[in-house]
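Input: structures, listed below.
You will see two complexes here that share subunit A, one where it goes with subunit B and one where it goes with subunit C.
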Partner chain A sequence: MKEESKEFTPNILYALCSWCGSGGSETAGAMKLHYPENVKPVRFYCTGGIDPVYIFRALLEGADGVVVSGCHPGDCHFDTGNYRARRRIAAVKTILNTLGLDGDRVWLRWVGHGEGKRFVDTASEFDEHIQEKGPSPLKGIRGV
Partner chain B sequence: MIREIPRVGVYVCHCGANIAAKVDVEEVARFASKLDFVESARDYKFMCSDPGQQLVVDDIREKGLNRIVVASCSPRMHEKTFRKACQKAGLNPYYFQMACIREHDAWVTEDPGEATDKAKELVQGAVSRVLHHESLVPRTVDINPNVLVIGGGIAGMQAALTIADAGKTVYLVEREPCIGGNMAKFDKTFPTLDCAACILTPKMVAVGQHENIELLTYSEVVDVEGFVGNFKATVRKKPRYVDMDKCTGCGVCNEKCPAKAISEFDQGLSKRKAIYSPFPQAVPNTPVIDRDMCIYFKKGKCRACEKFCEADAIDFDQQEEKITLDVGAIIVATGFKPFDPSVAERYGYGKYPEVYTSLEFERVNNATGPTEGQIRLKDGRVPETMAIIHCVGSRDKNHNAYCSRVCCMYSMKYAHLIREKTGANVYEFYIDIRSPGKGYEEFYNRVQSEGVQFIRGNVAGVTDKAIGEDEKGKLIVLAEDSLSGRFLRVPVDAVVLSVGLEAAEGAEAVARMVGISQDQDGWFNELHPKLAPQATPSDGIFLAGCCQGPKDIPDTVSTANGAAAEALSLIMREKVEVEAAVSSIDAERCMGCRQCETICMFDAIEYDSALNVCVVNEAICKGCGLCASTCPNKAIGVRHFGNEQILSEMEGVML
Partner chain C sequence: MERIYEIQMGIEELARRALETGTVGGVAALLEVPETNKIAFTLVRAPEDVKGLAPFSPWMLENAARSISQMTREAAFTQPVAVILRPCELRALRELVKLKQVNMTNLILISFDCPGVFPIGSRLNGNGDLPAAYEKAVLEGTNCPGIRQVCSACEEFVPRGADMVISLVGRSPTDTLRAAFPTEAGQKFAEALGLLAEGREVEAGEERDRLAGIRADEHNALSARIQGSLKDLDGLVSVFDRCISCHACRYVCPVCYCKDCFFESPAFSYYPHSLHKRLEQSAAGLRLPLDRLLFHLGRLTHMGASCVACGMCEDVCVAGIPVSQIFKTVGGDIQQMFDYLPGGSPDDPLPLLTYREDELKEMED
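== the complex of A and B ==
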């Protein structure tokens, strides 16, 4: 249950690879573990295929934060896609910070197929984290 | 790019009460009906049922729908089902999108109002996405008809035999010098008390002699590449230092070898030689030289085995070998290892010599074991009282929370054998008796009637600190009898710890290699715990036996046959359909920088030097999208996971 006092419900995108990340989210489902409804999973094929543009676009279009989960190091379905993702997310954070925006609105955390609890914990922690930060200054900047 | 005017049909599934109890499905359908391009939206009890699918088929035909969205469970469950329904109605299956409102919403959201809102967002995301879908044609590739089985326990052996009997080639890779796994160490097997060797040996021989099975013992798979239908596995064959083609298995080398080592097979209860076969009926019966213990390898002198070998089979120069196998499917059957009770100090294992693990006790009972099957204390006396402690390492938050499933039954097997062989009093310290299975409860009743004493309660510890006269020289089991509420001290001569099962040593490396995952306890995850128990999320990789969780032999054999059937069903198809979602390069935009070529781990991108552009080989591409996100000119798109599709879904779910 969300607290009554919560003034702001962040809009959060949870980008998942089709293997471990989605698997974790489904395990969470099967275990009936709860997480805030404002965290919305979107399925990608591999985290390595997540173009930094997607993350920027999400932030521009109204997301207050984006969290990405793929396979643990060594477990990637495509061998090294998750390492690419790690590097790209690091770059995205740097770019955001450089622009005076907040790189910490983007998280990357590995979640394995069976790790329903870790998935839910990540979703909840990230939600709290973004709540503390408040709405994204970029929100709706494209005026769409 | 939207080429024709989309006419979208949206179907919101109740999934019985799974979704409908949380999400107001009618409201979601109403909401969906107002979205742009949505022609019709409705809710239905079970979309995956025949009538549910028929709704889709009929609507496509009657209402001229050309895009379909089903909001129900995870695409892993039913994406294929609905794609097929589309196809049946003449619509390209890729004009379909699933919104996951069960696993991603109804099951994980507490508040019904919020769950309904989230369902709307997820549906909106799917509708926006499907507008940008393109018609794709799935590709087919040839399947290699050979199968690799990793692990030669009863599971791997059974799977190999079933496949080989169907006329297909199987490579069975076992890391120990011989096959048989844990079962080969047992004496009798519950509940029928057949002798393990009597039922296992013929199977081992059948595996060894089968013309379609290539047995690779003392070998490990070190790398797996490729994908369903076309895997390439690299196997490392450790040197045996004995030529398998020449060796007759006469055993003279073993007799003459002067170096002794601890027998792993006998659980450390006996000695073996440096040149050895783990047990007399081993398959293959070619011994191996333990390099670390061999006097020749250590000191450069001895070669006794070589001198006496009439077959001239000893070869100290043998080298490790690496071979590659091409296979279409892989069955993982790496089994389990027993829980190590030395980490649970209260049981006194390692401290008191008369405390045994169950696997040690199997060897004690076994006619080819260290005591030739006689139950004797270390000083040779026949025990008068024995305790068997259940759930050691299992159902214990400090170790493994799960039940290991077989320990109650094998514990009662021991009780029976002890009564039969020695007449000793037996105390079974149990928490609950788990005896589900054919003839299992009957076996429990039988053991009870044989005078075995069952004490329900947790064991606090085992000690040799005697209080009374009757405890002198004994081990005392301290336990609470939870039925009478009394605290007991039970003096016994020996204790058997019924240790639980854990995932095999090295399971993690195997998981990584073949691209499957482990659960929190280390067991391999199946694709679906109920409906796809042998398949894994990695196509072409199947599971058999205890590597996916504790099992008795009957269940192990069933799962092995299940995995074999699935592997056969795959390779018999000869061709496999692979995702149509592959990359494509827009030659107009490509500047031939070749970054994609470097980054692609499947070598699916080639450089055309004449045109100075890169080209995707669609037969090899797996659609991971690495190249697309790398391309500095945005010249690469991944079909079905293209920019338009992803961005529109993202924007859709954010409302």
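== the complex of A and C ==
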């Protein structure tokens, strides 16, 4: 099983807020920690500013999964952006689940500025999680 | 339980008296236009113009919340105006208030328990006669065959928060009105017209409950049907691949109010060289127009929480996509998760504009 799944390298988008999420990745760099190379970090100003359409576009255009990380609750640089993000991600997951598209291909996990290890762990864990799931069925239908 | 009064007049007479007594300066409702055999949402000012008032018509050519928005967005009415709306229009109106697109000042909200409407096409291509089957269904409290799918599965057919609630289900169109006045503004309106003094208190019929039962069953059946048809990816693709990207669904949507729609903007369009590159990489080529599924998924996230399932989008879809049934099903799940009924209470904030600190932990991974 493991051998088989290794053949598939997922295409993963890691959406990070400018403050804690990106901070976590910087800390990981300073600590010289490694995360899978197929996980591609994208910096957003705040998780609250991630329009769900960006997530859908990623899934429709070749991403096998999208993981979102921002400041822990109570730590948002803009006070409330992460709470708003949580509501949006919840809507995205609900839509995907209702349409039979597997909302578990989208993850939300808080990563603080100093949590370099948590950033790397999240990237690896999500990578394995998507490897188990296999390629996203959505990416074959580009253009629809 | 609200008190229902039998009023010795029809809807035209009520509107005429409201205008004659100066209780209201205008009445906004559907009106028959005999010259063109059409109905149109109309603002009537003169008592003699109320002839042809047809708020209970089994057709809905637009969600009238849009018209009210157009008339009050920048400036409220300076004198009371009675608006006669279907429950879904009333709910859309309340969503638009939250989106700052409607000013409710001086509006007297009249609504009725709605038996549902037929698709627009049947009116535009037909003679406009009230089908006998519809009359019978209203009288008995059942679903008339041929009404919009989302209407036959609508459980919110009894208006919430209207100033005057007319009981239509269980009645014949020629009967005099039965109505309740649940709000203070409604009570004042009724007193000004002398409706309570003349009226006789009556018991609510059982037809409304019968219809509620039928609608609940239909709702479950509709959700199961839609989810079944979309369940695997092939289903989803075959449904949305029909889309021609005209975006008519968003133009008629009462909740989609943005003047500059995200999906009309260049925010998500690619430069040609990006598409050329992609063509080089892809043997399958590109299916055009682009971003059809993205448009619907995106619209679901933008307004799914506020969808009142009025059915306008599906009616105007030339491609025959069951848009409103899909939006009712998916939007319903979003609303359930946020414990939100669109247009239900003016005090509930829009789900995506609010949050609680101690919620949705199960959405974190």
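Everything below uses one rule, namely that the second predicted complex is superposed on the first by the 136 of 144 C-alpha atoms of A that agree within 3 Å, B and C clash if a C-alpha of one lies under 4 Å from a C-alpha of the other, contacts with A are read in each partner's own complex, and residues count from 1 in each chain.
Operating definition for what follows: a contact is a pair of C-beta atoms (placed from the backbone, for glycine too) under 8 Å apart; a residue touches a chain by one contact, two chains touch by 3 or more.
Keep in mind the model is a prediction, meaning the values are calculated, not measured.
Looking at the superposition, the partner that touches the larger set of subunit A residues, subunit B or subunit C, turns out to be B.
Contacts of A:R57 after superposition on the shared chain: both subunit B and subunit C are touched. In the superposition on chain A, contact of A:E26 is made with subunit B only, not with subunit C. Look at A:R84: by the touch rule set out above, it reaches both subunit B and subunit C. With the contact threshold set out at the top, residues 51-53, 57, 74, 80, 84, 88 of subunit A are in contact with subunit B in one structure and with subunit C in the other. Across the complex, subunit C is touched by residues 51-53, 56-57, 60, 67, 73-74, 80, 83-84, 86-95, 97-101, 107-110, 137-138, 141-144 of subunit A. Within the complex formed with subunit B, the residues of subunit A that make contact are 1-2, 11, 13, 19-20, 22-23, 25-26, 28-30, 32-35, 37-38, 40-46, 48-54, 57-58, 61-63, 74-75, 77-81, 84, 88, 112-115, 120.
Residues 74-76, 100, 102-105, 107-111, 114-115, 117-118, 121-122, 125, 511-512, 515, 517-520, 525, 537-538, 581, 599, 601, 622-626, 628-630, 638, 641, 643, 646-647, 649-651, 653-654 of subunit B are the ones touching subunit A in the complex.
Against subunit A, the residues of subunit C that register as touching in their complex are 227, 230-233, 235-237, 240-241, 262, 268, 282, 284-288, 290, 292-294, 297-298, 300-301, 304-305, 329-330, 333-334, 337-338, 351-352, 354-357, 359-360, 363-365.
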